[in-house]
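Structures for review follow.
Presented sequentially are two complexes of chain A, the first with chain B as partner and the second with chain C.
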Partner chain A sequence: MYLRSTAFWVMTGLLAAPAGAAGPLQVTAKVLTEQKTRAADGSVRVALVPARRVVPGDRVVFVLGYRNTGSQPIGNIVLDNPVPAAIAYRGPSQSSAAPDVSVDGKTYGPLATLRVRLADGATRAAAPDDVTSVRWRLANTVPAGAQGQLSFQAVLK
Partner chain B sequence: MKRTTYGFLLAGTATVFASGAAHAQTAAQNTTAGTTVSNTASVTYSVNGTTQTTNSTTASFVVDRKVNFTVIRDQTGATQVNLSQTGAYTSFKVTNTTNGTQDFLLNAYQTGIIGGLLTGTDDFDLTNLKIYVDSNRNGTYDPGVDTATFIDELAPDGSIEVFIVGDIPATATINQADVALQVIAAGGGATGTQGTALVPTDLNLGNADNSVDVVFADGDSDGLGVDIVRNGQGWAYASYAIGTRNVALTVNKTALILSDGVNAANPKALPGAVVQYCMLANNATLTASANGVTITDPIPVNTTYVPGSLAIGLPGGTCTLLPTITAPFSGSYDTPSNAIIANIGTVIGGGTVAVSFRVTIN
Partner chain C sequence: MPHRPKSVVAAQRKPRLPSLWLMLLLALVTAMPASAAVPAGTPIVNTAALTFEANGSTQRVASNTVTLLAAELLDVTIQAERPSVAVQSATQLAVPFLVTNSGNGPQTFALTIASSQQAIAVDRVALDRNRDATFDAAGDPTLAPLTLQLAAGEQARIFVLIDGAQVAAAATITATVTAHAGSGAAGTVFAGAGANGSDAVVGATGARASAVSTLSLAVAQPTLAKSQTVKAPDGSSWAIRGAIITYTLVADLPGPTRGVTIDDPIPAGTAYLADSLALDAVALSDRADADPGTADAAAIHVRLGDLATAGSHIVQFSVRIL
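Then we have the complex of A and B:
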């Protein structure tokens, strides 16, 4: 076990994590957008491409890629992603774990369990538009060298 | 080195994703073109029991310009005009639904209008055709006030009226003129300066990232007509129709014995009695003025005109409101023809002008 860890350590040292990166966990953010192309037979293909051309109403996908570049397993990973101001949360991507969401930055949970407080003191059920922050809490430990990807779908307001 | 890819497939937690299309909102609520949207996640984790924090890299993009607007004819039916009328106008409304403030360029055409867009048949052209923007935003064309020829800095969701203004020829046989308004989206940003027409950005060009691209999202505003979707243009059409070729001008003449020198309470038509004649010139056509109206009335035989008794003006009292000739009217007693001549000029639609004079019975 000790030898194996050392071997990993040497290899990651050779691969050289980006300069200035402090910890062993590297998290990369990406924004993708749907690009629709019409094939000759009339069918429409939707591909996810880097967000170059985005106008209000367009679907965008926010992706967080993480990788353990260290030699030790990493546990208790919590990724907290405030939803940018011009973005309306829609839901998790198909390939991603569903995040907990929050409408106030304090209470996190599935959207169905959240309520929004109104000006008159009453509350109503939270809608996707109310989400201000999404959070993933990884239950499993991420071994050295392992990586994964989390994402959520949104619409540009 | 083999890497493990973690896929988090948590059964039962996947939410059905079906919204997005129902996200109706106005242009003003849309994110303004040029806004940078950045996303960064903060991360905490532990290694061997030691808690650490880090941030993700930041992913960002620039919101592009989604050019969209509507142009409609903002009047019911054709504009009713008269022969030789000047400054006749048709009204249109331009609404900016772009996620940014924009200029709009305006062109007017009288040819190339495809049949079927408007009812009736075009058979004449207006002269001196101009386009003006409703600068004072009162919904009607004000000559000399609404002088802008392009729409300057129209905010998202903003609307403004545009008028096509022209003169109607005097040709007696003409019936209808059709006009087309072309609106072209142009760059805003400088108040009082006409922007240049926008061109959609070619994504294949370099440096398309992190810059504001222009994306045309406008619809086909006229179906049959020349407009097509996503061309940064809008078209609308309107007609002028010759509505009135004549007016219902009537003159109603009455006589009233003012005094006979004998019976003050109930004067009779005796020799020496003073009689007032009253003529009411009425234009019953509400939509058109009668111009160049002149009334010539011979003094009846066996009577003598009372010098200085001619009065022209608004009706009131026993005939005219005032016992004088009030501006803009003029008139006189013509001695050779023994007649009064009243130059009334214009009687507006629905208006009445009164003319009175007095005679004595010989």
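Then we have the complex of A and C:
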């Protein structure tokens, strides 16, 4: 699947085993990183591969996969990913729905609607660096056997 | 049948800084401590959660946990603090270089010193332990072996000590610093060589850097070098409102010089901090009187007058960011 003319996704790597296999829904988390390779013609291809080695400034993609393994449709699904402290949120991936984000773990919404309270009581507009948690509410029920994937971009602080 | 969420592009907002802040930040880039990069070896743990409704109740499922180890970025810079040093015959020269570990882990760096003339031998290399920018034979230890251990973001000053009598013609001194864990093309990986067992990855500097200082025999022109330190009310070094910037002006006079004055306007967006003017660590009053300094809201002035001998003089003053 081509993302851009010079970039493509590698999604075959290391889909980790689902932890919550008890219920009819499974969720898997992956962290991918960009791997640039220069072809003989000088073009640079950017592949997303499972992150093994990241240094400050590296861009990473957090990918959440879900699958309804049961026999009934499931509704009101919410996927929640607290952003690790060492990670700065950047935005949704191009292939993913935009998540609601939170800067305090309580109020969720589009980043542009959020404000950060300062020590002196004033507030300022929230920036991507302020995001502490990312959440998607799926508007539609997920039919039996269906699966999907959501992702966001981030950078190692 | 994959269930595909609708694609939405996020509206990203760039933080905006007032232009004054931006100018100050740009001006202070070299004076700033390295930004708080994630230390090498830090585990980054990610677990997602999923909640849904089934059988009339809300259920929660945790994902697998993905753990990454932040790798160590190997980066180093070196700067000749005095790009040109005027040689006074038969005196010992202390040629200062500033070495900065711009990586995210503690690292040992090997130093090599080369001179452009075989006749010039380096006596030794000393570390400016008390960070006073002045070589002090009693307090600044010799580096033996020629290595520096620097924490992430740490900067150290070294002095290359040379007998001035050896300098018969203009020459250059080149100091090169190389990360012990490895160096080379950016992106080169040294498995397991980073902090806490992490991999080490060569950064944009190649983990190796050189700087050159020129030794000149001809009587050089007087030079005036300006540097600054910032102290914010919260104890940080950020150039924020209320922060105190202390400027240090080092006037290097390579020989007898007449009619020396040092003038410096107070930068726009800052206010002079009363009674902060000092010459060679002696406070000067702001008003026009017997001491050589005056200061007002517009500028500081220090009149050194006629100087019979070569030497350095240091003027300091402070301003508050408005």
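As a convention for this text, the second predicted complex is superposed on the first by the 137 of 157 C-alpha atoms of A that agree within 3 Å, B and C clash if a C-alpha of one lies under 4 Å from a C-alpha of the other, contacts with A are read in each partner's own complex, and residues count from 1 in each chain.
Simple rule for what comes next: a contact is a pair of C-beta atoms (placed from the backbone, for glycine too) under 8 Å apart; a residue touches a chain by one contact, two chains touch by 3 or more.
Predicted model, so just to flag it, every value in this text is computed and none were measured.
Q: After lining both complexes up on chain A, report clash or fit for chain B versus chain C.
A: They clash.
Q: For A:155, decide between first (touching chain B), second (touching chain C), both and neither.
A: first
Q: In the overlaid three-chain picture, which partner chain does A:42 touch, first (chain B) or second (chain C), both, or neither?
A: In the superposition, A:42 touches no partner, neither chain B nor chain C.
Q: After the superposition on A, what does A:66 contact: first (chain B), second (chain C), both or neither?
A: both
Q: Which holds for A:121: it touches chain B only (first), chain C only (second), both, or neither?
A: In the superposition, A:121 touches no partner, neither chain B nor chain C.
Q: Would you sort A:142 into first (chain B), second (chain C), both or neither based on which partner it touches?
A: Both chain B and chain C are touched by A:142.
Q: In the superposed arrangement, what residues of chain A touch both chain B and chain C?
A: 22-25, 27-31, 51-57, 62, 64, 66, 70, 72, 74-81, 84, 86-87, 90-92, 94-98, 110-111, 128, 138, 140, 142-143, 145-148, 150, 156-157
Q: Mind pulling up the chain A residues that touch chain C in the complex?
A: That would be residues 16-20, 22-31, 51-57, 62, 64, 66, 70, 72, 74-82, 84, 86-87, 90-92, 94-98, 110-112, 125, 127-128, 136, 138, 140, 142-143, 145-148, 150, 156-157 of chain A.
Q: Which residues of chain B touch chain A once you look at their complex with the stated criterion?
A: Counting only chain B, the residues touching chain A are 1-10, 13-17, 19-20, 23, 25, 29-31, 33, 35, 37-48, 51-52, 54-61, 63-66, 99, 201, 203, 208-209, 213, 215, 217.
Q: Can you name the residues of chain A that touch chain B in the complex?
A: Its residues touching chain B are 11, 21-25, 27-31, 33, 50-57, 59-60, 62-64, 66, 70, 72-81, 84-88, 90-92, 94-98, 110-111, 128-129, 138, 140, 142-143, 145-150, 153, 155-157.
Q: Residue numbers of chain C touching chain A in their complex, please.
A: Answer in residue numbers: 1-13, 15, 36-38, 42, 44-54, 58-59, 61-66, 68-73, 104, 189, 199, 201, 203.
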